[in-house]
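Each chain gets a letter, A, B, C and D, in the order it is written, and its residues are counted from 1.
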Amino acid sequence: MRKPVIGVMGGAVADAATVETAHELGRLIAERGWVLLNGGRDCGVMAASARGASEAGGLVVGILPDTTAGKASPDLDVAIMTGMGDGRNLINVMSSDVVVACKGSLGTMSEVVLALKHGKRVILLGLEVGREYASFRASGQLTTAADPPDAVEQAAAALDAVA
Amino acid sequence: MRKPVIGVMGGAVADAATVETAHELGRLIAERGWVLLNGGRDCGVMAASARGASEAGGLVVGILPDTTAGKASPDLDVAIMTGMGDGRNLINVMSSDVVVACKGSLGTMSEVVLALKHGKRVILLGLEVGREYASFRASGQLTTAADPPDAVEQAAAALDAVA
Amino acid sequence: MRKPVIGVMGGAVADAATVETAHELGRLIAERGWVLLNGGRDCGVMAASARGASEAGGLVVGILPDTTAGKASPDLDVAIMTGMGDGRNLINVMSSDVVVACKGSLGTMSEVVLALKHGKRVILLGLEVGREYASFRASGQLTTAADPPDAVEQAAAALDAVA
Amino acid sequence: MRKPVIGVMGGAVADAATVETAHELGRLIAERGWVLLNGGRDCGVMAASARGASEAGGLVVGILPDTTAGKASPDLDVAIMTGMGDGRNLINVMSSDVVVACKGSLGTMSEVVLALKHGKRVILLGLEVGREYASFRASGQLTTAADPPDAVEQAAAALDAVA
């Protein structure tokens, strides 16, 4: 069986607290034995979560918007070049079993929305999406985590529910 | 010079009032001499807006999620087959000069978010997106229209501002 | 009913004879009342065929590899921004009823191959593809035209066969 | 540093000899410590090469044309869902450091052509592409391997040349 894949989304530009959160999240994902998948670039939440997972010995997959690996994080084990720009956001979420969305902007929001559309369990970790998504909260598809350990606990429960 | 392209987004499933709104919007876009672009399928806001524009003699372009035209609206002049599913949502908004978002669900929301990310002027017509987008309202990139004539007036002003 | 769409493929860099061929082909396509679809950029076979069709009053659709219209031919009526680079080659051929391939290089070859894979009738006009494609010649899916009028005659026959 | 990625292309339908070749190729790639990347489905060259690499303890990445993993080979470590059909062929080759093309049909040919266009070293292993590609043979970008060990030797040399 393939290992679970946790997609970590979040801003390409991130403040220090968000970087720290993403780094811890990456580490915890790796410690669970899960694969971390993100957008692959060497900045923001992408770089920090990849580094956290890599330092803990986890497998890290980056789905890059680019045609070459020039802007890839050095912590990726596998770099997928899509050449599609934001078109790769859909690939990110379809390829994840659970999506954790850190603080971010419009790109991150597009990933949350597309993840919900494709039936993925989405855990918010520092991102607010508004009351327009109340029905997804009510069904349990969308939740908010207090911190990285909580996000990983919720992800574990979601993976158990699917398995 | 190419004619302006107005992207009309909205639900694949639509209630009667939304269908009527989309139909009127399509007609008004065509009467302005603009091209109407949408997701191309023969249902919901796509079908209704295409029909409205076609009946008024306008040019209608559909960007389909499919590999063939089997599910295309009969009112398209040009059917673009992307074979990308929701991946075509990004193409929809990048190919539009102004985006009008009718009532819809997650697919429509993804188009609003991606349109904002790509700097497009977005006009909401029956869709609520939440206060998370207040900064885009403040800058004038995102507005709400009261009805189809208002949406078309706002689109005209947006096109003037760009030209 | 939608008008037939003829996809015109060929090099982004083209010699004078190929430019002349593409220009005449574009004109003849427009004179038949068909839509011309190509890769949309302002160079080579794309620019020449678009200009030929536009001068003859035809409708011209360009499927661009880019995220914006900055490199689009001025003769497009509709510019579709895919942001996918060569990924748009598949969209080109899936969106065409018949594909005419002028002289070109690897991009053009990829379009011929993908067009054959998707069951499209392919007409070569100045391009050689090798004996590896003999079975497609034998079935009549792949033919060579002597000049633009011959290509358009063959396209007409192919459209009749489908209709 | 990321491990080298070898893209293995080839038919979704494959005869027994081709399956055996692909299986051996997968094994040899894994034994070198390289990542094997292919189209991910549970058939033909994809399934056989994935199985060969997996049995030898290698890392296997599949880039699927689908939106879900339902048709994925059981031997993938990472399944990337593109939802793009043949559009994923470009992602396959852009994400590979070296491409080995086994016997296949039009899909495989499209990958060879796109790989050459993106400057990738391509090794043919049971596929003929025609004299139209003589210039790529002359430059050494395109070669033919006699058997899987030869293909892997050539890949090693290509990786050395890049590094």
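Here, contacts are C-beta pairs under 8 Å (C-beta built on N, C-alpha and C of every residue); 3 or more make two chains touch, one makes a residue touch a chain.
If you're wondering where the values come from, they're calculated on a predicted model, not measured in any experiment.
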item	value
Chain whose mean Cα position lies farthest from chain C	A
Intercentroid distance (Cα basis), chain C paired with chain B, Å	28
Chain A and chain C, separation of their C-alpha mean positions in angstrom	40
Two or more partner chains touched - positions in chain B	67, 83-87, 90-91, 118
Overall pattern in which the protein chains touch one another (line/ring/star/complete/other)	complete
Chain A-facing residues of chain B, complex	84-87, 90-91, 105-107, 109-110, 113-114, 116-118, 128-132
Complex contacts: residues of chain C adjacent to chain A	67, 83-87
Touching residues on chain B, where the partner in the complex is chain C	2-3, 5, 35, 37, 59, 61, 63, 67-69, 76-83, 90-91, 94-95, 118
